[in-house]
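What follows is a set of notes on a single structure, which appears directly below.
Chains: A, B, C and D, in written order; residue numbering restarts at 1 for each.
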């Protein structure tokens, strides 16, 4: 009965238009697989875009929020998990995800990739982040997959999840 | 779009048959309101019973788990939020709930009632716990409601949530 | 080499003068035993008083803060542990303490007593809180000790810690 | 009265002999400045080495532990902060540090550098980690300093802390 959860991690501020487009399409593709989208939940950047994409495709979205209430949540979050613990919630994001996709890059996203690898999760890095890819591939010992676009990411997700 | 969440807190071990029956019926009643059931997520006691009740009525269930993976989750949990932070997750349980219902009593449940009151949430205490009621009513300054059974609890929940 | 830590939990706001006096004296008595005082760290109420008492007696104080920085810390905190996780840090307070003393009562303090009992810790309740004592004694199965003043509390602490 | 805290982050397993030597010397140098060493607290790798170095120089050490008790702590930890929250405690490590030094590299350490940058902290990367340095310098916008050895690290720390 438990739903498959794909965590999509990406910056709130500083995301490029390309990252936002990738996130929106990825949200829709994850939803069409019947999977739940989980993200950091804020109404900004990649978090907002991936939830909107998932909702447009009829999916279910979980936002794991840093603040003390659901005030800053994306309107496209169905289930707001309110942690009140700032970026310590990044650890929850990755532990709750059957697979982690990084879409865009920033310090918060980098922490989530690192925490995911520490927890033994597979990570798909979506987008053009050569320095991140070199670094995390060296850290990740085969658990880091690179995808150029959302379709490649979803194909990799299906393969990694065996579904 | 954000779903209303009712947090149902209660012991994993040491729950009475009455507590389990209350939890199962409460889960169904919450689901019939269109609300999401959130609980501590483990496959034991009140957590398991409330999720089973909700699923039998076609509802959606969120389990906020203490461990590092979803291993010990109730089979009736749809969305497993894996915190890896033991009972520190009790704070997340109450912050994520629009309303908290305590069904049964134990040290973990008592911590959740106290954290809910600290966060300014309304709490419904369901069941026969006279010492807890005296104590938490004194702490709660009007935010603690007592319910004798699940029907009284859902009536109180509707009133408190204004729905 | 590891230092014995006594956690002293009590309200920031709403503490009585009696609670503050108890906390200050308790801080000094804990320090004189060579034990570290740990508390919620804020510059208010029991937290501030117990740290001041400990420093006046030459002790070492650890404040486990709820906020994102050390801004609101008591001036009498030596080691500021900045959690950024609000009242979820209450779980850390009790896990880090070899023994927990509740001095004064409020929702946060009640959550700490409950979390301490859940974690199997001994708790000393200092002060005149009859409803709390009835409730937590029933929950605590022999792990709750009542002390009328700070001297009784420190005597109980020595006995419970075997020192 | 509040003590200056230098967080030294590094792997438990997989640290090189060079990393361990750097950590031990760094711990001593931090202690000689009168600063507190804070680390992840486990009795392994860089965490253990930095605490041993600090104690040999008469310093004070704080270990922020991932587990539910102080069982796996380094013997050279004075103050064991027991979080029970696994790698979510990495966020606490960096928030509690006036300055973060990464000594050695692994997924946990990478998460701490990223969380430190997210929190606006300065980070010193000690050792030969060219891919990490390229990546984190790009992320860190001037807040990442590279040090070849512990003496360079302590000189950078003094400059960054203005002491």
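A few remarks follow.
Keep in mind that, in the parts below, contacts are C-beta pairs under 8 Å (C-beta built on N, C-alpha and C of every residue); 3 or more make two chains touch, one makes a residue touch a chain.
These numbers were taken from a predicted model, which means no experiment stands behind them.
In this structure chain A contacts its sequence twin chain D using mostly the same residue numbers, the overlap exceeding half.
With centres defined as mean CA coordinates, chain D is found 28 Å away from chain A. Once the centre of each chain is set as its mean CA position, chain A and chain C turn out to be 40 Å apart.
For chain B, residues that reach two or more other chains under the stated contact definition are 68, 83-88, 91-92, 119. The touch graph of the protein chains shown is complete.
Those residues of chain D that touch chain B in the complex are listed here as 68, 83-88. Every residue of chain B that touches chain A in the complex is listed here, in rising order: 1-3, 5, 36, 55, 60, 62, 64, 68-70, 73, 75-85, 91-92, 95-96, 119.
Chain B meets chain C in the complex at residues 85-92, 105-108, 110-111, 114-115, 117-119, 131-132, 134-135, 138-140.
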